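Common to both upcoming complexes is chain A, partnered first by chain B, then by chain C.
And then the complex of A and B:
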């Protein structure tokens, strides 16, 4: 009976194909992460899968490490997390401050250069991250040698901003596209200067795009590893760098607990972006 | 201020977009309290002219004088003109009260006073008790009124409207036209409205400014423009006129389709002319009953529209559009012969366009 039904309508086989593809996608994309999440709840000292017992001991260890309690190496974990949050905050603010006026100019201009500028800002997406890492490292070192200027936090923030810009710009552009020129003109006809019109009318209407841009910038900065690996110093290192060194030196489920926490943060932020952009929660 | 000085004077305004003359040397004076309507087909430059008055576009040449003061270079936010946009351009992130009060807020009016004025204006546009609604919750007609109230909240020097009623359905547009006219009279504000709708223009304006390809065709009262169009374009644009080729006779009358029409023409005998006659001014009679000079045509189309009948009559190569309230014509059949009679008083004669 079911065979007859299948052959009559292709809808059934289409559904099977969709489910199969979704299954493959899930396997490839989600399974490794799922393993990490499961392992982080392990009660064992080693990294065996599946864990023989479950516990929250690695979470308690992770919180100790992140709070800066314990041995010397754990102090740097606290610092790494602080650095990650600070670099993330700087990346967020700087890239949005750059992209809001840029998106305004790009959408309002009719010039031929607008397409070129848009392309220029998406370039970091095309370059291999390793190449970018080498390039930024060379630049930072040259700057330090020639002028003695140490970039500090900006060593990481500058490349992170470059990597975040395409995403932030895209969000700001699509937000800006929805703001008609007539709204600004209406504000001006009521007595607002062009700047006042932009602040009172354009920016509030771009708000969902701006917020989505802020969140994207933070996620990109917080998760960034490759370029950061070239740029980090003893004083300035982010959480992913710390986790990498820890994993290389000692395979410790504490890192897995931290990973799970980061995944949770990322998922929450992405869900928020999705809600902002679509106006409705569609991710789940 | 003397009565002779126009409230707004437009002098030699010229604007080009590429190779196209959007506006060619426009001169126009608008009196205080006058309601002027810029009328023309799309692309005639009427919106460009309004946007130059508002300050959103810059003219290539020419001047704008407000009460004799040159405001050509004044940015839009310093002009103090209220404007209603085609899209209405209500601020979607603000409530009705915030929209209407925005101009007052910019001028530093206290919140309580602002609120009173908003309530007062909403009363005037017959929308009490919607002050705190978001703009998105309003119907088309309500938005329209809010946009008007916003533009008038800080009494403007000039009230500018760009196709303000085009988004409304026909019935609502009709009643809004009357309301808009009454509001304008009540506020006594000098008003310029852009429209492509001839009925709307005649309903609203004290004076029509008919434009074509960036040039003024005629500026006069609606009645004058309708009765005595300045040229064939104006005649055709204002109300479905028939344009017929004719030749001026020795006695000054015009020969049209073989009929001798006594329309007075100052053109030389023998010159080719265009005779414009409106659909409702073509008189149709039964073939035998016709007395005055007439042409006989075949009825190609008849439709009874209720108050009148719409007909198309073929006379030689010309198809005449006719409208008549006569009862017998409503029963006329396609293919029937009919006598077409032109009333000289109601025909306009123009030199023929050079083809």
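And then the complex of A and C:
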């Protein structure tokens, strides 16, 4: 492959064509993000490209909006942001607390049930998100009608947890596979109970994988749009939903500045994961 | 006895188990119903698995719920049994939506694959870690970031005064702005971009296992790069290409955010049609049936692709 693409002897049309196609593909992948970041620094009031002047005015306006100043809608951006962070925190803590013991059991056991369980926990990945949104909505509405139970924050957290589980489990599994049984046995031969050995020896060794799982769960929850779109209520809505209802009619530069802040947060978190697990982290 | 029937994959762990006979005896069948007396080890495993299963239960309940709702006789409650909701899917409103979905998913899959193969070749050929990292990050970008935010980006690229139109007009290629947004073109572009990582990584995986010798052999016998690409590389990549294409197709057939934001009112892909059944129409049973139809479309695609890929592998081995 590499020989065909790079060697100078048989260069010519093939190499040029392939490189051009790859270039177009990479441009398409990055174009929307590039344009948002550039436009968020525009000094103009409109959204014409390229911007005639540069400024940070939309960022100061974005910070004002996020602090909850000058909000005209029923739910302020500040409340939406708080909800986003809370749902994200619940999602990451719950999914990691569940996946660490599961990963331990899956790696340390030998039964055939393991394949079934692993398959079960990849199911949320293959389901169309729209259908999941409808399914959770029907379930929550029926629950509210029959029993009067209002889920509040959990309306969003429960589906987000299901969407995060496959990714968190994958990270915990790959961390757990790196923990040898001998260290645990050494702890037990020194008198530690199996539980103490697991908590004091195995969990610290899994730490990079656990952290990666936490971060992935947060990113998934924080960026989730489709299921939240079906599940949100007047009181419980996340930042993406708030942004969507703000921009139904038209885009404005303040939203772009908020978008750029979110992009920055995502990229920083992914870079952190990358450093933690040194290329072994799996997004999919 | 169970240990004896486990496959070769368990061989690796069996050596470790031999050191702990008590453990091996307890582990092989972990099903709690296997014996009336549950050993402590089994109970511990069950306790370890339980929290995750509890967290997954609402998901399983929701999936069963939508199945049951789709065959309910009423449209806003589960009551009785009827196939009326599935019958209603054959009305022109929904059939048009299905055809549009199939068309856009197919087109976006073809374009995605055409872009993914050169990108994967570039990634496989890059020797320097820095560049490999840069290209990998660029390809991953659409996967990590919010679909809503990426759609905002496309609105500014494709709009009447957007990047694409101003570049084309300044280059003198067009005189009046093209209409690229809130129609099928805009949706198609968005679908291609958001699904690109799903196409690139499986193709890259398939490309890494192709033996370099085939290409060298083709080259030494005088094949041009174009010829060895179409006659050697692509046939060898076929199983990988089929599975990547099926993932992209299934993902794009069930797209929601992209058609909602870039398609406007006019482009009713199935995801948006299902939303309309829920929100202005309050036809919950209909939405459930439409959702099941969407699941069936993606499942059938995946199954056909798996069958085609295994057949491609078998044909290759038979040769």
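The working rule: the second predicted complex is superposed on the first by the 251 of 284 C-alpha atoms of A that agree within 3 Å, B and C clash if a C-alpha of one lies under 4 Å from a C-alpha of the other, contacts with A are read in each partner's own complex, and residues count from 1 in each chain.
Here is the rule we go by: a contact is a pair of C-beta atoms (placed from the backbone, for glycine too) under 8 Å apart; a residue touches a chain by one contact, two chains touch by 3 or more.
Not measured: the values here are computed from a predicted model.
J.: When the two structures are overlaid on chain A, which partner does A:187 contact: first (chain B), second (chain C), both, or neither?
T.: Only chain B is touched by A:187; chain C is not.
J.: Who does A:205 touch here: chain B (first), chain C (second), both, or neither?
T.: first
J.: Touching A:86 in the superposition: chain B (first), chain C (second), both, neither?
T.: After superposition on chain A, A:86 lies in contact with neither partner.
J.: Does chain B (first) or chain C (second) touch A:265, or do both, or does neither?
T.: neither
J.: Quick one: chain B or chain C, who's touching more of chain A?
T.: After superposing on chain A, more of chain A is contacted by C.
J.: Residues of chain A that sit at the chain B interface in one complex and at the chain C interface in the other, please.
T.: Dual-contact residues (chain A): 194.
J.: Can you list the chain A residues touching chain C in their complex?
T.: Residues 1-6, 10, 12-15, 18-19, 21-22, 24-26, 28-36, 39, 47-49, 94-95, 97-99, 101-102, 104-105, 109-113, 117, 120-121, 123-124, 126-139, 142, 158-159, 161-162, 165, 169, 181, 194, 219, 223, 225-226, 229-230, 240, 243-244, 247, 251, 255-256, 259, 262-263, 266-267, 270, 283-284 of chain A touch chain C in their complex.
J.: Over in the complex, which chain B residues touch chain A? Could you list them?
T.: 54-56, 75-83, 85-87, 89-93, 102-103, 106-107, 150-151, 153-154, 160
J.: Flag every residue of chain C that touches chain A in the complex, lowest number first.
T.: It comes out as residues 2-3, 6, 10, 13-14, 16-17, 24, 27-31, 44-45, 47-49, 51-52, 54-56, 58-59, 61-63, 65-66, 69, 77-78, 114-119, 121-122, 124-125, 127, 135, 138-157, 159, 161-163, 166, 189, 192-193, 196-198, 200-201, 207, 210, 212, 215-216, 219, 224-226, 228-229, 233, 250, 253-254, 256-257, 270-271, 274-275, 278, 284, 287-288, 291-292, 294-295, 298, 302.
J.: For the complex, give me every residue of chain A touching chain B.
T.: Listed in rising order, the residues are 180, 182-183, 185-194, 196-197, 200-201, 204-205.
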